[in-house]
Structures are given as structure tokens and as C-alpha cells.
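Just dropping this structure here.
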Amino acid sequence: MSFLSLTNIQKSFGPVQVVKNFNMDIEKGEFVSFLGPSGCGKTTVLRMIAGFENPTGGNLTIAGKDIAPLKPNQRNIGMVFQAYALFPNMTVHDNVAFGLKIAGKPKAEIDARVKEMLALIHLGHLADRYPYQMSGGQQQRVALARALAAKPQVLLLDEPLSALDAKIRVSLREEIRQIQQSLGITTIFVTHDQEEALSISDRIVVMNGGRADQIGTPFEIYNTPATRFVASFVGTLNMIEAKVVDPAVNRIQIGDQGVTLKQSVAAYKAGDTVSLALRPEAGSLAESTPSDTKLTGQVVSAHFLGSVIRTRMNVGGNVISFDMFNSPGVTPPAAGETVTLRFMAADLLVIRD
Amino acid sequence: AAEPSAELIAAAKKEGTLTTIALPHDWCGYGDVIAGFKAKYGLEVNELNPDAGSGDEIEAIKANKGNTGPQAPDVIDVGLSFGPTAKADGLIQPYKVSTWDSIPDSAKDADGFWYGDYYGVLSFVVNTDIVKEVPKDWADLKKSDYANSIALAGDPRASNQAVQAVYAAGIAAGEKDATKAGEAGLAFFGELNKAGNLVPVIGKSASLAQGSTPIVIAWDYNGLSWRDTLKGNPPVEVVVPASGVNAGVYVQAISAFAPHPNAAKLWMEYLYSDEGQLGWLKGYCHPIRFNDLAKNKKIPQELLDKLPPAAAYEKAVFPTLDEQAAGKTAITGKWDSVVGANVK
Amino acid sequence: MSTVSTTPVVSTAPLITRDRVIDWLGITPFIIFALLFLIIPTLYLVVGAFLTPEGNFTLKNIGDLFTPSILSAYWISIRVSVASALGGALIGFFLAWAVVLGGLPTSVRSTLLTFSGVASNFAGIPLAFSFLATLGRTGLVTIFLRDWFGFNLYGTGFNLLSFFGLTITYMYFQIPLMVLILTPALDGMKKEWREAAEILGASNVQYWTKVALPILWPSLLGTTLLLFANAFGAIATAYALTGSSLNIVPILLYAQIRGDVLHNANLGYAIALGMIVITGVSNILYLMLRMRAERWQK
Amino acid sequence: MKAQKLGAWIAIAIGATYFIVPLLGTIEFSLRMRRDAYSFDAYLSVFSDERFRETFGYSMMMALLTIVFGMLLIVPTAYWVRLRMPQMRQVVEFITLLPLVIPAIVIVFGYLRMYNSSSFLPMTASTTGTNILLVFSYITLSLPYMYRSVDTAMRAIDVRTLTEAAQSLGASWWTIMFKCIFPNVMSGILSGAFITLAIVMGEFTFAALLSRPAFGPYLQLVGANRAYEPSALAVIAFSITWLSMGLLNLVSRIGRSRPAKA
Amino acid sequence: MSFLSLTNIQKSFGPVQVVKNFNMDIEKGEFVSFLGPSGCGKTTVLRMIAGFENPTGGNLTIAGKDIAPLKPNQRNIGMVFQAYALFPNMTVHDNVAFGLKIAGKPKAEIDARVKEMLALIHLGHLADRYPYQMSGGQQQRVALARALAAKPQVLLLDEPLSALDAKIRVSLREEIRQIQQSLGITTIFVTHDQEEALSISDRIVVMNGGRADQIGTPFEIYNTPATRFVASFVGTLNMIEAKVVDPAVNRIQIGDQGVTLKQSVAAYKAGDTVSLALRPEAGSLAESTPSDTKLTGQVVSAHFLGSVIRTRMNVGGNVISFDMFNSPGVTPPAAGETVTLRFMAADLLVIRD
């Protein structure tokens, strides 16, 4: 039995079902991200765990105990909101102490715990500040400390970083991950930023239209997307239409260039069209690249994006983008030039729709 | 005069409060009279809208039928003509004070429903800072010098004082018949209004002093008490007109629905005691028992000295009840259409 | 791992109902209060407008509204309200414009706004006193004009108790109200709109006629309507100025309901109904225009 | 640019004249009680009037009660509407605006009929009852201002998330209301309160028709019967309004608990 | 003589000089970006070109003509604002037609031109919508059409994309670039997003504290930053402290590992400390990488960021990040492991402060 378990969770607002048979088991101490586009139901699932919404169906247990009958203030769950939601009338200290005071802890214990939490987020010197006197990143760290102060069983974070600047976003997410690991607290992290989810999660739930499309480690999600949606939502992806030539030996044809896949196309008939996915970073023009497959085409355009140069090439009607790291020695190919892209056949994924 | 019975005092004290209406403190010395009553019997006095006209008082009784809260008046002090109508409408209850016999018969209801309290004559109260040439008679008021200057001391549709003023103007025009006098008065004020002399404002000491109504037609006693409170800034002159001297009697009555009937009766006893009567006199009003008091030498000489010259009262006309009723009907009914003093 | 059985789970209906009940309970005190002390007392009068004193249905009261004295009361009230609303709106607009867009120091703006907060509440009796002390016959300005310029203000037929006098008095609280309501609307005028218009070749006048005023007019008109309603219902100022004999609607109503002459409270209710209809219509229009204005402010 | 600034200054100058001259006039007039010299006689006369103190104190009391009970009614309502009944927002807002539409006199006459001593709820039968009714009428009168200022303050703090944050930390409704919501809408409460104070202090119609010894009717009375005291009172009334606005500014500046800017 | 020329432009607000001797020549049809941190004066320069601010010094000419005396409405410049600034009271059609109407064009001509512009931005079907009925991206496209309708000489865009979502930002910037190229209009684009500037500009002006730190093509800016500021502002950068061993042969030492630079350190003495910059994408662990230099160190951490894996290694106290493209075949090194990073010595830049 896993620690936090969601079974067949459903939620409808009026006639609209926004969460559909959601299942997920989270182990104690695990860091799980919910990743998905806006409106896919991430927040709704989180709010059901917190108790702010009642599921219209399904079961919710923490440590084997059904928490459905419990009110939000009885669940002992910590929560961090996108908009920080610090109490503006209280100092940093009082914000962090709030939950402990409610729980009727003795003052000495509260003070010690608050001190400890503020040290954890490196804001011990700001205990007497009011929220409005602090930057967004600092406020969000206080919100985190507040949520953690009462030692919740589960920590929920709903897009805690999306209101922050890019640089702070990166440093704070690493801080969150590190605090989570040091405390070993079971955590659910909602985001629609794939890089964020990929970089800090133990496991990721990719949600789509109220369903979990795929649950897996960042590697699994990125490298072996289960659905077309996952493939396209996570990372940039080239979708290539190919014709099956010989299903038995996984031989297909892109434009007029034959390729032998590593994945099976046995389910197709010769002449069928099959969708393939290729990450832009999987291929390279350099002859030294370890590769077993190549495709030749015309360059459509080359964009300089800083560390990478993204080149688009046309292969039999498919526009394929590929990235190469920029360095002074590398000149991007010119439009119209014919180039050969080299990659491993294993990187060409067959995508079911 | 006899003191009220101990039972009445006790019963009144039990009720604890008297609710009066329309008693401005500088009208007839009411401020001191009320203070004297409070001091003597220890009752609370709840004073409702001091600015109400006689009509408002009657209406207050009607509106509060069935309400015994602090909004309902116990006693009223209204123009003479309002007494009989209120009696006919069943709004007042009879009571005869212990000094009943010394009140002239012509000024009281035989059954004790209402009884005259004091009288005065209508006069021109003039702010002589602004009006250099003081009007002497009604006809003078039409002069263009008095543009935007003259005000009545009430709304003729609601105030006895104002109705009497209109009526007085009618008498000055030489009309004897009450209805005709009323109409003549209306016509006079219609002219005033057309000439732009009449200000559609209720004249009071404030408007007199501030100059928005430098001439107010009001009871002499009001004018005199205003003069006193203003203490010469600005200087005020009270002129009794050469013709059309109209004397007006007010009457007291107890509301038929008085929440504190005993307090009301005690109030009446106080008003008609020598003390109460002299209180009015201090406010320049001739109390109804003036002659009785004078006969018994109960009036201090310095009080008599301060009163307006007796000569003014010699020409005074005391309209009878019927005359008043007729005049009032003529005036209130047609005021809107004949004068129609409106904002321009 | 994520594929799932599709057993439909029936929703727990009673839970929802209980939640709804609690939701409603939360605003019940307010609703009860509003009903008892605002809505029912008003309905009482509205119904009364259609009753005879004996309690039978009649349309006579409504019909009686169309007698000359009542009509003239409405008419003067409407005129004063319209004039003071228009005057207040116009001057208030220029003041708001001056502090928001006129490039004045911010201290002027905060002073004006604070002052407006005070002055917009300085209605009623004290206001009347002030104007009597200023423009009354012995008021500061009157005396000043007389002593320094030999100008007899009252000789020109001026009177504080006239249409003009009332209007100028009412404007004392109308202007600040306009400033208070319009300042946020002017703040909502983005600087970029002006610059966009300018860079597209528009002159200052073209900017105002084609962009700024079209954007502002719902706010302007809406606020003017609010000012109108505000003036229409104001009784205390007029009452204190004239001592209850002025023939404007609130005073007439006061006299009808409270007073004595026409002895017809039900007619008073009808007059009140007329007032509610007039202020109500202008308020509803105000709300509609405000919604429209807010749509653009997004 | 220059012309615009000049125009702005002219507008301000005209406005300032219009606003300030009546105030000067009032002050000057209030000092004129003694015939030949300026004096504070009018103020002395006002302050020595027992009725001034009585009515002033009475109205102050009523204002405070109005503010306290009004806020206890309105803050939870506004909160609840934002939190749980957003679909009722329009309706509640509309109701709170009604007192701007319905003349006070209409409402109070309804009261006189509905709550007189022979009705189902005889509030006017006793002085206490009438006082309570007066407080209720003042709450009604100040609804538009109180509700709006509180609601605006709530918009600034995102009550829903704050509530949920408090809930997830274990707080009860009571704690949420008085520890997390009230302190954070204090600015709104205060600005509503001061406007209410200003309104109640000058209110005439309700007090006069319910026959309560309030400041408004007293003002009216003095205005009719005295020459210079009214100006003194006007000055006093204006000072009170200024004072409350000044206090409001002061309090909101001192109040450190400004909402975080999101 | 170039088309748009800014010579010694200065601007002070009161005592504060926010633009200092700004010089720049822009050719007809060029697309130039102003890139820099907040407050560096980008908007101020733009507004001086538009005529909303008067320079306190310097010269401004368009096509050889001094535009200083001209009011904004006489300059014939198009401008797009960050907050769209569409007129809310007008439909899309009327917004786009505004400038033409002001110019008194005949109705038929206006309608034709508006139609053409709306077609250009693919919003022909929304001509009757009001701004509040449209998404941010759509509004910004309308704003672009409005600015272009009257065929301005110069188009100015002040952070036109910063209010938009990431996906729309990318697609709209490409659309803007493509429209700009097809019309051949001289354009200045203000942004603080380096990727944006790098990907669409002909030239970039990197601004810092009211000055142009560097003006150059995206390649120049990225690969040969002129100042430390440019180097750190554009792209991610490892800053490495090294000790000069032998200035004559450009020999330096990082930790205890010797490296021979391609750039000269002749200005330093032996034993001096020198700052070096290395882009994370310049190095690789693969032995096949073309390289002439290597550094050995301990792995501190490895983050999976989607298409790339960013590894941090410690080389003699310097933490150096390097990126490698993710592919199923690549396993990121584990923390603590000793690895060797290979790169070209030319990629190690000497940075003056």
C-alpha cells in the first residue's frame, strides 16, 4: 500500500467532468510533479487532495486512511500557492508560526521551530519583515517554510514558481528540491513548465484533459513518451510522416529515403502511413557523430538561438528541425544547402495517436 | 392658585416623561418654562421638532395613533382655529386645570378640550442693518426697496402664524368679512410675490440676522425675543403696523392618544399656574390670565416695563373663532394658486 | 500504469445540497437585514402609492402627481439636479483632468483627492450655512463686492434661494464627487493610447475627439447620472437653506408625509415613488454605463 | 505641453477658489458675533450650549454603533460572497446601492409604519428600541459606502487563497475571519467607517423623523434660530470631517499591514 | 550615410543621465534589436526616435533629414507598445484604419489597405471584433498592423512580446520577422530576452547603463562578447579564475591543470589572476569531440533539463557547467565521478572587467 493513493478520482463541475478516473500512488518521500497544459485539471486534483474540493467519485487515502471525510483544516497537509498567499498583516515569523499557534503548541517550541524553518530557507535575518517588504522569491520561500512548519504529511505546491523571474525560478526550484530531499517529505508539485518538472521530479504525471496520460520518471517521460500528446508537450519534437515498406524488418521510407527502425512496425501493413517522432537534439551534421542512420535534405532556414542553432531541413515534404550547439568554429548551414543529418535509429520513435 | 393634587404629581412622575412638540426655546420664553417644569417636578421632557407648525402638530398626533413611542406628542400648542377642528376630529382629550375659572370664557372650550394660553399681535421684525427705512404699515411692504426681503414666519399651508399674517394683511385692506379678508390678504401677498419682495423662506431669527429675510412678519413676542438673543448685532426693530393689527391666540390641548396623560395634565397645571403664566410673559407673550394676574398685582413692574407699549394693543383685532376658521380655509386652500411662492 | 477501469461512480448528491445550504446561510443575515430595513419599508410605500387612505386600490395618487404644484416641484428639482450635475460634471472633469493628465505635481493631486473626499461628504445642513455665510445677503462675497466694487449682488436679482443659488450650492458636493469617481477612469486612460494616436499622426484635438472622449463618455455620462440622482434626493441642504417652504420634491414629500396640508399620505407615497423611479432609472443607467466603461478598462 | 500645464493650473485655481471661498466666508461669519470686532463668541455660545454637547455625544455614539454593527454585518457578507457565492455578487452589490436610489425619507416613513408600537416588532415603542432602529437605519444609509470600501479591500488581498492557506494550516472559520480577514481589510473598514462617521454626524432625516436628539436636527434648529452660531457649527462640522479623513490617512499610513503587491 | 542615424544622443531626467552618448547607424531595411537589462535606457532611446522625449544632446536623422524639430505626429514612424495600446473603443478594422483616416485617405483606399494589413497578420476574419474580445497575441498582431498601415519609414517595437505566453511569443516573433522582411521596413525592436534578440535580429545593440556596450550581429555578440557585461548577459556562461603561468606563450593554469589559450594574455604578468569564460555548450565528455584542450574534475551534480543534461563539475575550485544533448543512449555522469571535459582552446575567452 503506497503512502498517498488516489483511486478512480473524478470531479465534475456541473455538467463538465474536469477530472476523469485519475489513479496514482505516491510513495512516502517521493517528489511527484503534475505537468500539463492550462485547464487540464492539475489544480483541481491538488485541491481535492487538500480538501478544498470534494471529489464526485473515487477514493483518497493517506497512509491507508480515507481522508474524504476530513475537512481541509484536519488533513495536516502543507500547501504553497502560486500567489504566495502570505498573511499580509503578519510578519515572516508570525506567518511561519501561524499553523503551530493554531495547533496550540507552547511558545518556546513555536519559536524554536520557526527559527529552524527560517534557517532552512536562509531568511533567518528577515523574521520581522512584513510580506510587502520582501521580493517575490523571498515571499515564496516564506510560504514554503510556513507550509512545512507544522510537519505536514504531504506538501502540495501549485505552480509555486510561475510568478517569479526566470533566474529566481531556477534557483528556487533547486532549493525546494533540496529541502524536500533533506526533510524526506512527500511532495506534489504542479507546473506547466516541462523543464521545471523534468529537472526536479522523481516522477512526473503528464495530464491531459482531466486524465493522466503517462506517469513515469523524467527520463521515461522524455525519452519514451507514451502518447502523441506527451511527446509533443514535453520537449520540442519533429513529427515525421513515413510510409511502411516492410513491416517484418521494420523498414520504412521517409520521402524516398529508406530507414530501418529499431521499434517494431509489425502492427502496420506495407504502404501504411506511420507517425515518427525525432527530437531536434538527437541528430547532428558532424560525420564523427555516432550514428547508424542518415537523412538528406535541403536546409529551409537556420536560427541562431544562443547556445544552439536550430536548423530546419526539408526531407521529402517533412520539415525536420535539428539543433546543434553553437561554437565559433561552427557555421550554420545556409538556406538551400543540401545536408545530411546523422542519428541513431533508436531515436526515431513510432507514435500511436 | 391651587397646587395640583399629589396623586396627579405621583402619577405623572410614574410616567416619567412628557413629550412636547413645536416649542422653540425662544418662543414665549418656553426655554425657561420647560426648565422650570423639569426643575419643579423632576420629569424628563422629550421635545419633538421645535420648528413644526400647528398643522404639523395635529398631523403628529394622527401619525402616531397606536404608537406610544417617543415620537408621539402628549401635548400641543396650536393656533386658536386648530383647537375646534382637532376636537371635532377626536384628536384631543378634555382636561380642566385648577385655574380654569380665571381663563376668559371666550378663549376656552366649554368642555375643556382646548384652552387659550397666550396672545400677541403680528408685527414687522426688521433688520435695520440692511433695511434702512423701516416699513410702518402693510402698504409700505410693496415698495421696491424691499425687493427680496420679506418673509413669513411659516408656511401658510401649515403655520398659524403665517395664516394670521395673511389675514392681517386682509384686515389692513379694510375687509371686515373673514372670508373676504382672507382673500384680500392672499391678493396682497400675491402682489408682494409678483413684485419680487416675498422670499419663499420661513423667516426666523437666523435668516433675519443673516439678511436672507431682513423683514419677517411675525408675532411681536417672537420679534422681541429674537431682538434680545441677537443682542444688537444686527440691530432689530419690531414694528406693529399702523393698520391691520391682528391679535392671535394660541391654545393648549392634550392629545387624545397621549402616551403620558398624567404628565400632560401636570404640564397644563404648571403652565396655568402663576409661575407658568409669568414665564410666558417674560417671553413677551400676554398670558391668557394676564388680566387676572394684573388685577391681583402679581406682575412685577419691570416685567410690565419691558412689554411693547399698551397702545399697540388698543387697535388690536381679535378675530372670533368662526372668523378665523373662515379666514384659514380661504387662505390655506388658495395659497398655492394665488401666491405660489416658488423657487425661481 | 495509468489506464483505468471506467466504472462510473455515482456522485454523492446530499453532500452538494448541504454545501449549498451552508453557502446560502452565510449571506442570510444580510438578506434579512436588507429585507427588513430597506426593501420591505420601501415596498410598503410603493404599494401605498396605489392605495386610498382606506386601503383600496386606486390610481388617483399617481394621477394627482400631475397637478401643477407637484409638477412644478418635480420640474424645479429636475432642473436644479440637472444643472448641478452638469456643472459638477464639467468642472469636476476639468479638475480631474488637471491632476491626472495636466502634468501637475503629485502633491496637488493628493491634496485635491483628499479634499474631495471631505467635501463630497460636506453636504447637508452645514453646507447651507456656509453658503449663507458666503453668498447670503451679509455674506463675505456679497459684502466684499459691495464694499470694494460697489456692486450690489442682490440688486441684480441674485438670490441664494433661487434656482441659480441652489445649483451653485449643490455643486459644492457634486464637483468633488465627480473628481473622486472620474479620477480612476482618467487614470485608466493609458498613456500609450495618446502616444499611439500621436505617432499615427493624430493631433491633440483629434486624439480627444476620436479616442479619449469616446472611451470616457460612458464614465462621464454615468457619473453625471449619479450626480443627478445624488442631487435629486438631497433634502437636508435645501431644507436648511430655506426652512421647509421650498417647493422641491424632497421637501414636498417631507411635507406630504409628515405634514398636514393636503392630508394625503398616500399622495406622498406616490411622490416618493416618482422619486424612486427617477433616481432609480438614472442609477440603473449609471450601472450599465459603468459596466460598459469597465469593459474597456480591462 | 506648456499650454496644457497652464490650463491645468487655471482649472485648479478656479476649483480651489470655489472650494475655499465658502470656507473662508463661513469662518469669517462665525467670528462676527460681536458687532465691532472679530471674536469667538459664537463658538463659546455653541460650546456652552448643553444641547450641543448632548446631541453631539449622542450622534457620536450612534455613529460608533453603526460602524461596529455595520461592519459585523458587512465584512462577513462581502467575504462570503467573494468566497462562496460569486454568482450573488451582482445582486448583493445592487442591494447595497439601493439606499442611493431610495430617498431616506421614504425608508424612514416605512419604518414608522412597520415598527410602530402596535406592530409585530414594536421598535419605536421604547427609546432603546428607537435607538436601535436609528442605528439600523444608519447602517442602511451607509451600506453603499461600507460595502464598496470593504469589497475593494478584499479584492486587493485575494480572500480565497488566503482562506485556503489558513485552512490548510488548520485554522477554523473563526480564526480565519478575525485573524486573517479582518486585519487585512482594515483599510477598507476604516475608510468605510470614516465616511459613515461623516454621514451619521450630519444626518437629518432619520433622526428628525424618529425624533431622536441627534446632531443633525440640532444643527437645523440652530440654523433657523441663531445668526452666527450656524457658521460656527458649520466650521466645526467641517473640521470633524477633515479630522476623520486625516485620521484615516494617518491610520492607513501607520498600518504597516499593507497587502502584498502581487 | 545610413538611413537612421543617432549621433551622440544623450538624455537626462533632471540630474540623472539615463542615456549617455549613444551612437548608432541603421541601414534601410535592417532589423536592429536593443537588448539590455531593465532600466538601461532602451525605451528612452526608442521614445526619442519616436519624438516622445527630446534628447538633451546629440543628433537624430532619418534619411539624412534632422527630425529633432518634428513632432511625433509628423515623423511618420510606426510604433508597437508592450501593452498593445489598441484603442478600446474601436474595432480591429477601425484601429488599423486610424492612421489612414487621420491622413485623410479616401475610404476605398483605406478599406483596401486595412484588408491587406489584416490579411498579412492572418486576422481578416476578426475585423469587426473589439480589442477586449481578442487574445493578447491577436491584439499585438493588430497593433502591428495598425503601426504598419500608413507605411511608416521606421517601425519601433518596445518589448512587444513580453506580455505574451511563451509559445505565442516564439511564433509571433517569427511572424514579425517575416513580415518585416517581406515589407523591407527598417525596424528597431526592444527586448530584454536574449534568445528573442539573437533569433530575429540583423544586428543587436547590447545596452548597459545608458550606453551601447556592443553593437554587432547575433553571432558576434554571442561568440565574441566585447565586455564582461555582454558576456554574462547574453547566454549562460562559466566564469573561471585562472593563474597566468607564462604570458609569452599564453600558458595559464586552472586549479593545477595547465592550459594554453588561443587569446593573448601578454598584458598580464606570471602569477596574475585572469578571468576566463566558457560557454556550457562548448565542451563535451565524448572522446570523439574535436578538441585540443581538456580539463579533469569531479562531477558535482547532473540535471536533466529535457533536451540537454547540464552537468556541474569542480575543477580546482571552479564550478564549471557543461551541457550535453540528451538521448536515450547517454547516461549522465553520477555525482562524485571523475570526468574529463574536452573543448577547443579558442572557446576559452579572456574577459576584461
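Letters are used for the chains, namely A, B, C, D and E, taken in the order the chains are written, and counting of residues starts over at 1 for each.
Throughout what follows, a residue touches a chain if its C-beta (ideal position, glycine included) is under 8 Å from a C-beta of that chain, and two chains touch if they have at least 3 such contacts.
Remember, it's a predicted structure, so these values are computed and weren't measured experimentally.
Minimum number of contact steps separating chain D from chain E: 2.
The chains in contact with chain A as well as with chain C are D, E.
Here the chain-to-chain distance from chain B to chain D, counted in touching steps, is 1. Comparing the chain pairs C-D and A-D, the larger number of C-beta pairs in contact belongs to C-D.
Chain A and chain E, compared by their mean Cα positions, are separated by 28 Å.
With centres taken as mean Cα positions, chain C sits 40 Å from chain B. Chain A and chain B have Cα centroids lying 90 Å from one another.
Each chain gets a centre from the mean of its Cα atoms; for chain C and chain E, those two points are 53 Å apart. In chain C, the positions touching at least two other chains are 132-133, 138-139, 243, 258. The set of chain D residues that touch two or more partner chains comprises 29, 209, 220, 223-224, 230. Counting only residues that touch two or more partner chains, chain A has none.
The residues of chain B lying in touch with chain D in their complex are 24-26, 46, 48-51, 63-64, 66-71, 202, 204-210, 229-230, 232-234. Only residues 1, 4-5, 7-9, 11-12, 14-15, 18-19, 21-26, 28-30, 73-74, 76-77, 80-81, 84-85, 88, 92, 94-95, 97-111, 113-114, 136-137, 139-140, 143, 195, 198-199, 202-205, 209, 216, 219-220, 223-224, 230-231, 233-234, 237-238, 241-242, 245, 249 of chain D touch chain C when the two sit together in their complex. Put simply, chain E touches chain A in their complex at residues 194-195, 198-199, 218-219, 222-224, 234-236, 279-282, 288-290, 303-308, 323, 325-329, 344, 346-347. Chain C contributes residues 22-24, 26-27, 29-30, 33-34, 37-42, 44-45, 91, 94-95, 97-99, 101-104, 108, 112, 114-115, 117-119, 121-135, 138-141, 171-172, 175, 226, 229-230, 233, 235-236, 239-240, 243, 250, 253-254, 257-258, 268, 272, 275-276, 279-280, 283, 287 to its touches with chain D in the complex. On the chain C side of its complex with chain E, the touching residues are 190, 192-193, 195-203, 206, 210-211, 214-215, 295-296, 298.
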